[in-house]
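Same chain, two partners: subunit A is paired with subunit B first, then with subunit C.
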Partner chain A sequence: MCMYQRRNLGAMVMASVHLKEFSYSYPFTSSPALNTIDLMIPSGSFVLVAGAGGAGKTSFCYSVSGLIPHFYKGQSEGTVCINGTDITNVTMHDLTGLVGQVFQNPHNQLSCTAQTVREELACTMENLGIESEVMHRRIQETLGMCGIEHLAERLPTSLSGGQTQCVVLASVLVLQPDILVLDEPLSQLDPHGRQLIIELLKKLNREGKTIIVATVNPAELFHCADKVVVLTDGAIVCNDTPRRALRRLLTASSGVLVPEILRMVAQAQRQGCWSGDEMPITLDEIAEGFRTWQQT
Partner chain B sequence: MLYSTGSTETEESLLYRLCPVTKLFSAVVIILSAFLLPGSPNGGVIIIILLLPLLYKAGILIKYLKTLTVFLLSFVIFILLIYTFFLPVEATDSVKLLTITVNVEGANRAFFIIQRVAVLMATLLLFSMTTSPQRLVKDLYSRNCHPTICYIILSSYGLIPMMRDRAQAIQQSQKARGLEIEGSLAQRIRSLLPLITPLVISVFSNVEERAAALEVKGFRLSGPKSSLNPIVEMRWEGLLRLLCVCISAGILGQWLWRQYI
Partner chain C sequence: MATNITVRGLSHIFEGNITALDCINLNISQGECVAVIGENGAGKTTLIKHFNGLLQPSAGTVYLAEEDVAIMRSPQVARLVGFVFQNPDDQIFNQTVVDEVGYGLRLADLKLCNTEIRDRIDAALQRVGLTGQRDENPQDLRFQHRRMVTIASVLVMETDIVILDEPAMGQDQYGLDLLGEIIEQLTSNGKTVIIVSHDMNFSAAYCKRIVVLQNGKVISDGGVADIFSQHDLLAAAHVYPPNVSKLAVLLGLSPKIMKETELLSQLIKHNI
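Moving on, here comes the complex of A and B:
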């Protein structure tokens, strides 16, 4: 249950997700995938985890969803707490309905037991023993919410990359988790699909769900995020609001993609051709900055 | 995939509607009877022949026979040639055809082996053509089969399309890098290593993520399960399965008796 209001980040609240001095190394590796991560993600917030390939984004997602340490063994130090409880003290069963994870490759997340998308959505609920009537209702709601009613009777393995991405997200949402962890959720989508998923994530966040998105291209989600966490070599190098994180990303080399338009704005700002104190994170803000500069 | 459907008639036919586990039990009985009963495996052959009208009714008889022929043809020719012409032969067991000596005893043995293998192949093909892997896993899972077994079936099934796509992508990218994958046999053999190595590595990394995804989906959870569309079995299927178990036990019993007593 969500106890906190969105954007009430300054208030002293019990953390929804709290990584305390958390380090993790995969078996048979010498360098840590995550290095002394200290991060509090309040309930109901929208956090982007950015970084280049191999920076530790996926390991971060696995840590929050409980796959580390329940599935991926290895050496870990520190703790990961969900709603104040150390996840090493709970089972994957307890975490299944609480934290929903969407994997980087959506094709790997299809159960392959389902002959239709409807059955794919039911898969985890069946494993949790949820009643048939509840399943039918939730599936119908989720299909509508994700805009994939037309795919309901299709074979999941016959879908395109973008459609599979939507189905996998729906199969997680149908469990109504409090925390949603998404690893590169927009990577396989066309512009329309991206917009659909972004709007859906914003809606879910407004409803109080905690959203954690790992991405190499955070710019398109800056406008919905509360915080941007930048990882380099498994360590946090930046944990700030999107605007301030963007300024840092423009100056430091972190391997994170920053759109050319934002680089141009930064350049224009330096040369006094764009008005605004903070970095813009939407096209409207960019246009407003140029308009103001033109008027002055 | 061998599993083939498409028309409503096919999906509504008896062979498709039978529970996958019932079909599995029946397949085991047919195969055991072909391999463990004394004498020729005529019983298995007769059962397969009796099932052909059902395949015809389901609209897949021609496809079934074609596929079976493709699978068996090279094996039949190979076994017949080896046993009939190339095995040492007693003078009394041979027939001279022009300049070639035909081993009659060998030919009989070849027919015996071919019959057994044909029953095995025909049964497995019948099972795989009429049973979707998804339905099989669902049925096994709903009967509290160990998740590891379900997982092995699921992973293998999920890997096939993934490997096919991956192999295609690797082939195209290696071609773009200038790898000669067409031409003489030697050239093709040389190109195998750069094609197979990335395929195997990528499959292993995907298997791990697939396993993690199944973990998140609660496949290893104990406790009561539910089903959105439970597999409905016909009233007499339980009896048929019981009969299969009894016959299998009988066949195994007589085989052990003949072997050790």
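Moving on, here comes the complex of A and C:
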């Protein structure tokens, strides 16, 4: 039996993540990949972890999913707790149903033994000994949810980058984890695929799942997020709402991508030709700010 | 002679009778900066892999400077076309950055002396900002830097044509700005740059011409403003216009506006 206390809110199962003064260095490295991270991610929230390449985003993901310290050894200080329990004291087996991680490079996540996408999705569930009927129902539902029913009988290693990204997301979702950790989940998708996955993440979040997305390009997820955590050299330099984090990203260089259109708004604000109290995070809000300015 | 790319009746059929390209006709003149766009599986990567002979046509022909690519020798193609893969891990295999960047130079039979080879490698590493990493194992570098290693290993060849498959993917702001500079420098030196990209904002910012693929066919081909202003056509191909064009429409301005600076100055002009 899983040793976790799952917090039940009606039909929803929720789980929190708490990093306390957490630092981590990979073996044979001198500088820490994560430096004194203090962060509480409440159950059911949607958090973006943004930063330049090398800022610590992937290490952050590993720390929440338990790969640090269970797979990556090295030096750590402080604790990472899931639902109040130190992750060090939980086996990877128990973590499987609780935290699911989608890797940055989807090809690293394929089992490479499955002959079809359907088998790929079955892989971990078979290892967990889930009943065949339940397994098949979950696979079918998940394929539909991720928009990849048409790929069900394809060889996983023959798919395009974007398709593989959807397959590995499905292979994690099928395990129904309470916390989803996604490392650059949209990077290889076309705009249509990105929209599909964004809508799916929003839906999962509404259903109570805690969603953590690490990305260098957070702008298209601003509208779904409760908080944006900005990392620089392994440390948190900003933890704020998307609108306030955006203002910071526009003024302080962090390497995080900020779309040119938002830079233009900042420029317009400086020139006094955009009206609004808060930074806009959608095109409609940008347009509204210009219209308001035109009317005044 | 100019290294133009001429594509005539190009089809490519993958195993299992999957038609990836369906009778493509296309001319790309030397010095053009072209983005090939389209949804996943539209045939973008398959198309560009014919420009340097990585794939052989099932039907039709690709000519490089009027020579059939299918019958050219690899070193001959390598002197004309540089190709940066979507995933740097598919491209990198040497133990150090400097060996990786110099590998093609040594193989392509360019008749360069050692000093010239060294100078070219140094220049390419400096261009991509990896001078300090020259002796490191590329596999130890992070994704953005591995991508820059593969770009350097193409720049070093000084080919007339540079093809980049999803160059913006996974880049942070520093990397993206550097990439933009590299593309601008290549085109101002008369090189042909062809990118495949899902990033319409990047394509609008740096490319002059857009080729839209769908189901292995070219469904539209033209100047950046002409193509990106046709929002219905893009929607049908499952791609989206750049933000700047969408915002221009929301504000009642021309969808042909492709630069944020232009949009802002038009807004100010209209309001005065």
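Quick notes on this one:
The rule is short, and it goes like this: the second predicted complex is superposed on the first by the 281 of 296 C-alpha atoms of A that agree within 3 Å, B and C clash if a C-alpha of one lies under 4 Å from a C-alpha of the other, contacts with A are read in each partner's own complex, and residues count from 1 in each chain.
Keep this in mind: a contact is a pair of C-beta atoms (placed from the backbone, for glycine too) under 8 Å apart; a residue touches a chain by one contact, two chains touch by 3 or more.
Only a predicted model underlies this, so the values are computations on that prediction, with no experimental measurement involved.
Look at subunit A after the overlay: subunit B and subunit C clash there. Contact with subunit C, but none with subunit B, is seen for A:V258 once the two complexes are overlaid on the shared chain. Look at A:M125: by the touch rule set out above, it reaches subunit B but stays clear of subunit C. By the touch criterion defined above, A:Q101 lies against subunit B but remains apart from subunit C after alignment on the C-alpha atoms of chain A. By the touch criterion stated above, A:M92 is placed in contact with subunit B alone, subunit C being left untouched.
Applying the stated contact rule after C-alpha superposition, one finds that A:L67 touches subunit B and leaves subunit C untouched. Touch criterion met: A:T113 reaches subunit B, while subunit C stays clear of it.
When the two complexes are overlaid on their common chain A, residue A:L189 makes contact with subunit C while staying clear of subunit B. With the complexes overlaid on chain A C-alpha atoms, the stretch of subunit C that clashes with subunit B is 95-103, out of 5-13, 41-49, 95-103 or 239-247.
Once the two complexes are overlaid on chain A, the subunit A residues touched by subunit B in the first and by subunit C in the second are 104-105, 107. Interface of subunit C with subunit A (complex): residues 38-41, 45, 86-87, 89, 142-145, 166, 169-176, 198, 200-201, 205, 238-240, 243-244, 246-247, 250-251, 260-261, 263-264, 267-268, 270-271. If you check the complex, the residues on subunit B that touch subunit A are 132-135, 137-138, 141, 150, 154, 157-158, 161-162, 206, 209-221, 223-229. Subunit A contributes residues 62, 65, 67, 70-72, 92-93, 96, 101, 103-105, 107-115, 118-119, 122-132, 135-136, 139, 157, 171 to its touches with subunit B in the complex.
Of all the residues in subunit A, the ones that touch subunit C in their complex are 51-54, 104-105, 107, 160-163, 184, 187-194, 216, 253-261, 263-264, 267-268, 271, 273, 283-284, 286-287, 290-291, 293-294.
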